[in-house]
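Look for chain A in each of the two complexes below; its partner is chain B in the first and chain C in the second.
Let's look at the complex of A and B:
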């Protein structure tokens, strides 16, 4: 009843909202343009996939869907993907939690070091772990062949290998989520429980853990989506263990079966969307807001020797594994021919910068164009969504966040379906790659932008409008400078994603425009592991350089100081 | 009978500051003896060490030096969960995933009580704080005042030997704060629980306490009843910190004999009694509260000119410049005394027995 009334009130407001918009032509143009872009480059490709898979002799039909599920070659990858996703999520969340708990609650040494190591897999290309797995435990692997002399054979192709590399890659997500959640719990709550007579174990069991449950659920769902969408690792390690993301690709590229590929993409999309919606609209509402007073004094840390050194040992072990994996790639990039000739050499790098230079140049150029564009677009959308009133606002927010939920493989297939014919014939151009980069990673920028904007008192912008500035000027002169930290965070994230992207772009690269990640995949397929390792190291170096540059720029402008001051004012 | 219940001896706390690894003294040589059932307030500006002292008594911080004795037992090394103290936190620290009943019952779970006993005790305390029958409500739906009551009930239900309050009223609005402090005082007296209360609000300290400990820069400036603290401040800090505004006049002891002291202010000599600790040549500060000064047209101790008038109905606040110094003067009942205007010449009068000398 109340909902209907609210909806009617909303409908009544629309004409006046529209009338207001017409008085600000620039704002109106902005909204129309942004909506058009979002529609063409996010909604339309998805629609094309649905259209292709659900249309039967010119009529819409769900029959196809049941047909899909009756075929073993569709169901098998679905089961595999879900199976793998669940196990990776469980393992990744547990490890992430242990790590986050150790760093936030236990008095262990080297906290900063653990913190950096745990977040490193986020900026590394996701399939690096798979590559390292082969270097370590493959047929000619460092451990399997050189140390153990092939006494034990490791089954790294298939479920086990994928579970290991995806867990090592995606536990970072759980770590970051849970670190935030554990940090946000008011220390006074744990103090109070202790004060009332609870032992440290009881405090954990009755207070800390229950309060972290929404965070744990959130981390689980995030990892689940990431595992479902993972493309690089299964391309290298899946073997006969077919999973949806790669199977869809192989069906289209290997068997030229568009319809079959689209169908698999739909099967991949459904659980991803479910996980996304659960995370965003259900779990995130369960979070407890625990900070009610001043962010009270320091947290009491666990210092019992058993807990302390036990946790320290676990953290050490895990970081050692991460170092071993990435270290192996660096080592591998300096040998002549992995498995046969281990003389140190720079040949691989020489090759990367001569024969592979085209890949590097393209990747850097396209990323450099896409990154600022995506960053700016994200801030514009965040501004419109938070500060302006117009019909369809919620839809704009939803669509821009949707890219979060859609696995890259699905987007890639959507793009080749959507932009293959006149008037939007873009296949083979640089534009399609840039557009894909921009719209693929929009969500994070939009989300950080929204979060940042909600912290800033609207009256600051109202003051600008009051003094005669129009919407565009207010955005440019007031809003944008205030949300610079979010803008730069968005830039950094987008750049990393562009540099490491593979799942979606693999569908739209061409002979003319190609990317490093694709080159790495090619090298692995040719068993040229040393070459692939060198390419990977180069990507990492470029990413670190770019992050350093962005950080440097932010510090140079003294943005941090200014903004924290603003925030303090707003609070 | 009058054996002190809680004794704190030479308590000190030093922190290493996070960045420069520099030693920061938060509490220095804190000494006090507290009787059973007494309500003692630690009062001082932020950063004076009052919260650190409280957290040491609660067991959340380990003292660098000194001892805390409860019932003649040193409790320095007893962790908070084994210590017979309970704290009411500034942020209330109610467990957001539990309802009122579960919050209050939490501490009793660790005391070998049957479910029935726990229920009985929780219900009794909820009745005491005026929340009976509300046990099933989630704490997120409570108003600030109700949350405060739950926090108080949760601490009191354990019948701790000492109840600790860490600025518990600072998150409430002004009206509710006044209501709650009367409430806290009543409950504390009814239950006769020894309480230590931290605040920076002197009015709160005045209304609640049997004794006030004024702290500054980690050290005790003065311990005394509210009246002693206001009327007989021992240091200029206390005189300045307590009360709305004080007037300070600096002078010198010129003559001192048994029982009487002659002090020179503004080239005039005044005779005081009862300051035997002063010696000739000491610099002293005269503390004159604004309400102690009377204005008149006749002769007075000194002459001045009214430079500002603020009429508040029940009182009038003046600023009077006299002997090159601005005096704050508060005159109650202006209908009776009449109101002076800016520019009027007036005489200032005050009773030497009421004002107080502080050795600088």
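Let's look at the complex of A and C:
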């Protein structure tokens, strides 16, 4: 009853909202433009995929879809992907939790160091972890041949190898999510329980853990979607364990079987969307807010030596593994011929800067155009969604967040279906790559923008409006400066994503515009491991330089808050 | 001040795009290894002053790509990869003919398309790239026949590419079908399946993997075995099946609707020249120009037992054979 009344009230408000919009033509144009862009570059490509799979002689039909599902070579990858996703999520969440718990609750040394190292895998270029896995544990690998002397054999191709590299990559996500959650739990609760005589284990079991459950579920679902969307690692390590994202790619790139590829894309999309909806609309609603406003500085430090040193050892082991993987890539990039001739050489870098120079130039140029555009667009969307009333506002928010849930492979397939024909013939242009960059990772910028804006009192903006400023001026002069930290966090995140993009752009690159990640794929496909390693190192260096530059700019502009890159990623 | 900045930013973007558009470049897809392709393409640029924008993809991927782009072609030439892929492309109406005056005197018989839709420029035979260290250590003799590959000792120790992405692998499939008869060939591959460690997208990748010892045997073209294995210093030795093996005539062709056909024709003529064909020594390919020098140690047609390989049949049955392979193997 109440709902209906509210809905009626909403409907009654629409005409006045629209009337208000017409008084501000610039705002109206903005809304229409943003909506149009979101529709064309996010919704339309997805629609094309469904259209191709479910249309049969002009009618809606499941025939083609079921026919494809009857084929073993389509069903196997689905089972494999889900199986892998579940295991990576469990393992990654457990490790992320241990790490976050150790850093927030246990009195271990080197916390800052662990905190930084745990975020390293975020900037790993695609293929890098899998590549390092081969360099370390392949049959000629550093560990398998030099340390274990081939006594113990690992089969790194297939499930085991993928589980290892994906866990090591995506535990970061769990760590960042759970770090935030554990930080937010008011220690007063734990203190109270302790004062009442509960043992430390009991406090953990009955208070800390239950309060962290939504965070754990959230981390699990986030890792699950990331594992499903992973393209780079399976491309190298899947072996005979076929995975949806790579099979969809091979179906289209190897056979130009658009219908088959689209069907695989849908198989990939469904579990991702389910995970996204669960995370967004179910788990995140259950977060317990225990922040009381009073500053509470006492955190219980688990100081039992077994717990303390046990956890310290786990953290140390994991960071050692991360350093080993990164170190191996750097070492591998300076080696003449991996596995046969380990004389140090700069040949691989010469290759990178001669043959690869065009790739580097294009990547930097396209990223440099896409990054600020995406950042600005995200802030505009956040501003519209939080501060303005107009019909379809919720839908705009949902669509812009949707990009987070859709695996890159699906987006890429949608783009070639949607933009290869008149009137939107974009294939082969730089525009399609830039657009893909912009709309691919819009969600994070929008999320941070919304979160930041919600914390800012609207009265400042209202004051500006009262003094006669229109929406555009308010946005430019008041809102944007206030949300600068979010804006820069969004910039940093988008830039990293552009530099490491592969799963979607792989479908739209052409001879004219190339990307470093595509060059890595080429090297990997030809098993030129050392060259691939050199390209990866170059990507990492560029990312670090760019992050430094963005931070420098922020400081230069006198923004007090440090960019919270971690925060952006955790969202 | 703000306006000025915006104008500056926009003009910056335009400057960059106009820079790129300044000189028309020949746009190309190639299936040659990027390390090899760069040698030829750089030489071409040096000789002619024509700029080349190129992307490397496996031969099957190139075919799929030009099919996908048929309404909006992105390149003018595809360079490298076995003739079977070009026969399939011709059948789909994706190519336009060009008869190179430079190649005409020596391109006879199956070295080019009868109607000049594609032009051959090298020869290579399918063989096995074996990691000799593995064979010595495990005291297994090197495989010298297709049947040898079925040995239980080689379980999960062989690698090849997907027949649908790679021209190398498709040539192998077509060879087996012609050698054994189609049904028996698929029976054979089913028996081979337990010995396959994994499939690659690129045909020559298995040679590096054999060199690294990730696998014991890679099935690939003779020149890739030498160029990416033996000559690089890996313990890799090539052997060839005694029952007979198939081969490729590596080809190139003009893509229908491409915008730089004049440049592409110059590229084809250049590729037929002694100068260009001599360069192929770096990769141990057998040149088709009789005046060109053959690399020492390269595998010539006379060195191996070849089947009477029918590339016309292989190219025409491309789609059907691949679907049958996917149904049978399930990959």
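Just so we're on the same page, the second predicted complex is superposed on the first by the 547 of 571 C-alpha atoms of A that agree within 3 Å, B and C clash if a C-alpha of one lies under 4 Å from a C-alpha of the other, contacts with A are read in each partner's own complex, and residues count from 1 in each chain.
What we mean here is this: a contact is a pair of C-beta atoms (placed from the backbone, for glycine too) under 8 Å apart; a residue touches a chain by one contact, two chains touch by 3 or more.
Keep in mind that what you see is a predicted model, and the values were worked out from it rather than measured.
Asks: Clash or fit: how do chain B and chain C relate after the overlay on chain A?
Replies: Once both complexes are aligned on chain A, chain B and chain C fit side by side.
Asks: More residues of chain A are touched by which partner: chain B or chain C?
Replies: So, of the two partners, C touches more residues of chain A.
Asks: Return, as a multiple of 10 degrees, the angle whose vertex is the Cα centre of chain A and whose sides reach the Cα centres of chain B and chain C.
Replies: 160
Asks: Touching A:210, do we find chain B (first), chain C (second), both, or neither?
Replies: A:210: touches chain B, not chain C.
Asks: Using the superposition on chain A described above, determine whether A:254 touches chain B (first), chain C (second), both, or neither.
Replies: Second partner only.
Asks: Tell me which partner A:355 touches in the superposition: chain B (first), chain C (second), both or neither.
Replies: second
Asks: So, does A:71 touch the first partner chain B, the second partner chain C, both, or neither?
Replies: A:71 contacts chain C only, not chain B.
Asks: Looking at A:188, would you say it contacts chain B, chain C, both, or neither? Reply first, second, both or neither.
Replies: First partner only.
Asks: Contact-wise, after the overlay, does A:4 reach chain B, chain C, both or neither (first, second, both, neither)?
Replies: Touch partners of A:4: none, neither chain B nor chain C.
Asks: Using only C-alpha atoms, work out how near chain B sits to chain C after the chain A superposition, in angstrom.
Replies: Between chain B and chain C, the minimum C-alpha distance equals 41 Å.
Asks: Do chain B and chain C land on any of the same chain A residues, and which?
Replies: none
Asks: Show which residues of chain C lie in contact with chain A when the two form their complex.
Replies: Touch residues, chain C against chain A: 13, 16-17, 20, 27-29, 33-35, 38, 53-58, 60-61, 63-65, 67-69, 71-72, 74-75, 162, 164-165, 196-202, 204-209, 211-214, 228, 232-235, 322, 326-327, 330-331.
Asks: Write out the stretch or stretches of chain A touching chain B in their complex.
Replies: Interface residues on the chain A side: 186, 188-189, 191-200, 202, 206-207, 210-211, 288-294, 296-297, 300.
Asks: Can you name the residues of chain B that touch chain A in the complex?
Replies: Listed in rising order, the residues of chain B that touch chain A are 51, 55, 58-60, 79-83, 85-87, 89-97, 106-107, 109-111, 140, 147, 154-155, 158, 170-171.
Asks: Considering only the defined contacts, which chain A positions touch chain C in the complex?
Replies: These residues of chain A touch chain C: 71-73, 76, 134, 138-140, 157, 238-240, 242, 250, 252-256, 258, 337-341, 351, 354-355, 365, 369, 416, 420-421, 425, 427-428, 430, 509-512, 514, 518, 522-523, 525-529.
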